[in-house]
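The structures come next, written out as structure tokens.
Below are two complexes that have chain A in common, paired first with chain B and then with chain C.
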Partner chain A sequence: MAEHDALVHAGVQKPLLSVVHLRTDFVLANSVVHAVRDVTFDIYPGEAVGVVGESGSGKSISALSIIGLIRPPGRIVSGSVTFQGRDLIHISREDLRKIRGKEIGFIFQDPMTHLNPVLTVGRQITETVRVHLGLTAAAARARALELMDLVELPHARSRFDNYPHQFSGGMRQRVLIAIAISCNPQLLIADEPTTALDATVQAQILDLINRLRSELGMAVLIITHDMGVIAGIANRVAVMYAGRIVELANVDDVFLRPRHPYTSALLESIPRVDHPVARALYTIPGQPPDPTLESVGCMYRLRCKFSLPRCEAEVPQLDMVTPKHEVACFTDISLDTGEPAPDLDPS
Partner chain B sequence: MIPDRGVTGNKVEPLPILEVEDLHMHFPIRGGILRRTVGWIKAVDGVTFTIQPGQTLGLVGESGCGKTTLGHTILQLNRATSGSVRLGGTELTTLSQPMLRNTRRRMQVIFQDPLSSLHPRMTVGEILAEPLEIHGLAFGLTKVKRVHELLLMVNLSPSLVSRYPHELSGGQRQRVGVARALAVEPTLLVCDEAVSALDVSIRGQVVNLLSEIQSRLGIAYLFISHDLGIVRHISTRVAVMYLGKIVELADRDTLYTEAAHPYTQALLSAIPVPDPRVEKTRKRIILKGEIPSPAHPPTGCRFRTRCQYAQEICQMEEPLIRLVHPGHSVACHFAEQLIDHSGKAALLPT
Partner chain C sequence: MKDPQPTSNERVESPNQMAIRRFLGHRFAKIGGTFLIILSFVVALAPILAPYDPIAIDIRDSMMAPNTRHFLGTDIAGRDVLSRLIYGARVSLIVGIAAALVSTTVGLSLGLCAGFYRGWVDSVIMRFTEIIMSFPTLILLIVTAVLVTPGVVSIVIGIGLFSWPTTCRIVRGMVLSLREQDFILAGRAAGAGSFRLVWRHLMPMVLAPVIVATTLLVADGILLEAMLSYLGFGIQPPQPSLGAMLHETQDIGILVGMPWLWISPGLVISASVLAVNFVGDALRDALDPHQILRGA
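Presenting the complex of A and B:
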């Protein structure tokens, strides 16, 4: 990882994916849902970036926007998505289809709704490699069996002609992963890949994603609401709140030295099995803001114990507090003395 | 065979509020054109435990292990195949329907999804008044007063009485669910994945509310969840279920630090910890495969197909749940040897 950081810093390594000021709205009959308000981040080759946030924070919509899967009434209002130098927002559908599934693989929370129930699993894996790589039927079958072994689907040969309903939840997720990595993508987007799975199966799938990432050298964008999952899999973490990234840093910095009040409150809210039992769970007062509201100031300010007059007037932008740690907040909570910090810049 | 009665050591505890003894709930599998019974799903297959007044028993296990069915069978939403459920000394499994209706006042349930368990066309006020009317507890002005009181008890503003469920946030809806359950003054509350659908920042509020209510009113909870972090926070004792059976039952701290059953150990080691240092250094027990079908459970020990310690005896002989220490029962032939390989090593940074 240190080597990787050095390369990035020297500017030797270019980002694989750049998302800049992305904004996605859903226009409904009498309101507009601002699902993604402003999202900017990079993913470098081979790294695992975690996006964490609560429901409605815009994490999934950001991912769908990246791969052009936003359908009306949703639309990307502004911003850019660049993948290996190619603009993914203004690209033709045909060209996007060639990238999606080939250079960018993706897996979703519920494998059953993303597999075709009337096609065999083998057929669905071979379809991808036949379309994208132009393999013959025989070569595609061989590749599919190889992939089924790679994702540890037992008895690949005999299960090749089974249908999705004959597989358990964990096995279906493995099938989806096999399809996603079938063309050796440079980027795998995983949207809540383990949320529907049991704890022991979740551990298996995370283990598999970790192993595949190092074996195939692909980058992974993993989206989840579970801070624990992120801690085990990501190199860098983006914390989202109300459509914006509020903190973006290396995994250790986010978890051990959080600088945004929301990140720190979120971490404190999780009962940790490796800590003594607290009398009461830490809670964040209030609830997430209405996504149809226009952003005025910091969206977290009403729940924030550090909020300043300035937070109401101005939207805090992601700012570097150290070379690898970006935070969108006017207060430096690392100086927290228990009292709200004085307003340093009342202007 | 009853490892779990009211006596631990010399101390005599009060009578349990809930006693479940050798409870079975089997569902027939029908097949063929005559819809004959061709097999049985043994969703709950011989479960025994007790809950003391004002205490919480956490019930954990993976999907399909029978934890929800167990909750439903205790509530008499399913009629048990065999075994007994006693609430405050009254046997429920043999009660007639009208008698049962009276008893239902004393046990209530809150579900995972508050939106689908609240009537969409009833206002919050109507939802809370309905149980009061059905059980004849309050009418007229007293009813209105009681509804206000209930809303305040769950930290909701009484101004919400005229709102509909869809106008509320997820956390508010779940509070209404809690208030509705409390309306009839139960002694036992079954919480079936009650906070699982809520976001982290909201979940804590509801969990704290449940703890508060328990210490104020002395209600016992059966807290069913797959989230071992929350269960540890809220429970007095914890039972681990696998394929219809309780495989381990112990005091909260014992279970989380001295787990003896290999399944409990694996479950504990699979809890993601929000700390990259812990995640990098801890040893995780990755179980092979997935939970087998409850229609065809493995012979002998049901966990043996996924157990790293399985021996020949595990295939031949079913391990019965037995006391290995006061207050700690385990269903494993090798519990004594395994207790040293405890969850402590997997969880706590050394």
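Presenting the complex of A and C:
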């Protein structure tokens, strides 16, 4: 990865995906939900970017906005999404349809409900390659069997004509992954791919995504609320709060040297094996802000230990504190906390 | 490092096989189905099986009660009742099935569009559906018959174009909820267009109730054709149809004096409508997705 980082910072490598000041609203009868308020980040070819944040922080909506799957009453208000030089927001629907599933694969949270229950698994895998690559039925079948082997679905041949209900959760997630990678996408977006699975299967699915990423050389955008998943897969991490990215840095920096009070609080609230059982689990006081409120000042200030008068008046913008570490906060907590940064072993 | 395999390699019944098994468990459906299959064969082989030309007049043989030469007797013009019955049932069955197919095609397409696209498309289609539903179909068909000489094609189109609202409403209702399912979003994320999602993913899911509705429409079509022809606005003489045969027995003298002219077509109408309804009911049970879940 060091070599990769060097290339990126020398400006040699262009970002695969660029999201700039993305803002997505849901216009309801008597209020407007600001699901994504301001999101800016890049993904470079081959890297894995993790987006972490609590429910309602706008992670999934950001991902859906990227591939244009925001449906009314939702709407992208402003900002740009550029994928390999193409503007995905103003592109024609037909061109966007051709990018989805072919150049950008998407995996969903719940493998139980994201497969069509009345079609066989094989049919659902072949459909994507037939649509995007125009393969014949026989070639598509061969490709589907190859994909089923690639995602380690046992007995591909005999399982081909099975229905989704005959598969376990982990196997269905493998099917969804097979569909997502069927056309060798440059970018795989995984929206909470392990949340609906149990712990051992989670680890297998993460291993699989990691392996496929290195084998196929695709970039991965993984969305999760699980810090452990981030640690296991991502090179860089974006921490989201109330529709904004509040911290964006390499995975080690985020875990070992968090600069945003929210990131640090998130890390503190992870249950730890080395803490005595009697010790109560740390929780962040307060509630996430009302998503219908216009943002005035920092959205985290009411729950923040370090809030300043300035936080009420001004929205902190994402600022580089080091070339690879961006934080949206007026206080630099790495300077004024007496506590040692939590050491979390990613393995 | 493999996921557990709950069902290993054993051959699992497909939903279709399950439905067939359940369908065959229905006694009345088997009787009805057998009757319909036999009837279909008979009408398909009408030119071979019918002993006489159904419209050939033979005054010497007129008004004969059933006998060895004419199993079901002859009418006033001396036409063989059995031959007319076979050809008449053929017309009735064709009208019933074709009308049901026309109506299902219209209802399914409009219902899928209304449910999937929602918004103004839905409003326009549903208002249109309500307008069609508010017409008294029979009276409308009679008026049409006055304007155009009725024949098989015009009756099929007439019945078909006025009996689709039920199917349309069933489909729309299901699609409205199905379109919000996660797998439709997943399909979009995989690059499927609306047309593909509607016809390849949603259509199979609404097919079960649509098949049931279609079957029941066949029964309705047969009845409606019989009614029209009985009133003289359907199939025109000398061409036989079950309703047209009854039309010729409206005279009280014939009704009392020559019962063989109306008993057999009446029985065939009742029996086929009953059989179609039995089959429809069994299909409803066999294709009910909740039962499929329970059986699995």
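A few comments on the model shown:
Everything below uses one rule, namely that the second predicted complex is superposed on the first by the 331 of 347 C-alpha atoms of A that agree within 3 Å, B and C clash if a C-alpha of one lies under 4 Å from a C-alpha of the other, contacts with A are read in each partner's own complex, and residues count from 1 in each chain.
Here, contacts are C-beta pairs under 8 Å (C-beta built on N, C-alpha and C of every residue); 3 or more make two chains touch, one makes a residue touch a chain.
Here the structure is a predicted model, which is why all the values come from computation and not from measurement.
In the superposition on chain A, no contact is made by A:Glu294 with either chain B or chain C. In the superposed pair of complexes, A:Gln204 makes contact with chain B and with chain C alike. In the superposition on chain A, A:Arg97 makes contact with chain C only, while chain B stays out of contact range. In the superposition on chain A, contact of A:His114 is made with chain C only, not with chain B. Applying the stated contact rule after C-alpha superposition, one finds that A:Gly170 touches each of chain B and chain C. The residues of chain A shared by its contacts with chain B and with chain C are 168, 170-171, 201, 204. Interface residues of chain B facing chain A in the complex, by the touch rule stated above, are 62-63, 169, 171, 199-205, 207-208, 211, 226, 228-230, 232-233, 252, 256, 266-279, 284, 286-287, 290-291, 347-349. Chain C contributes residues 1-7, 9, 12, 14-15, 181-183, 185-193, 196, 200-201, 204-205, 296 to its touches with chain A in the complex.
For chain A in complex with chain C, the residues that touch the partner chain are 67, 69, 94, 97-102, 105-106, 108, 110, 113-119, 127-128, 131-132, 152, 154-155, 158, 162-163, 165-166, 168, 170-171, 174, 176, 179-180, 201, 204. By the touch criterion given at the top, residues 54-55, 168-171, 198-204, 206-207, 225-232, 251-252, 255-256, 265-267, 269-274, 277-278, 280-284, 287-288, 303 of chain A touch chain B in their complex.
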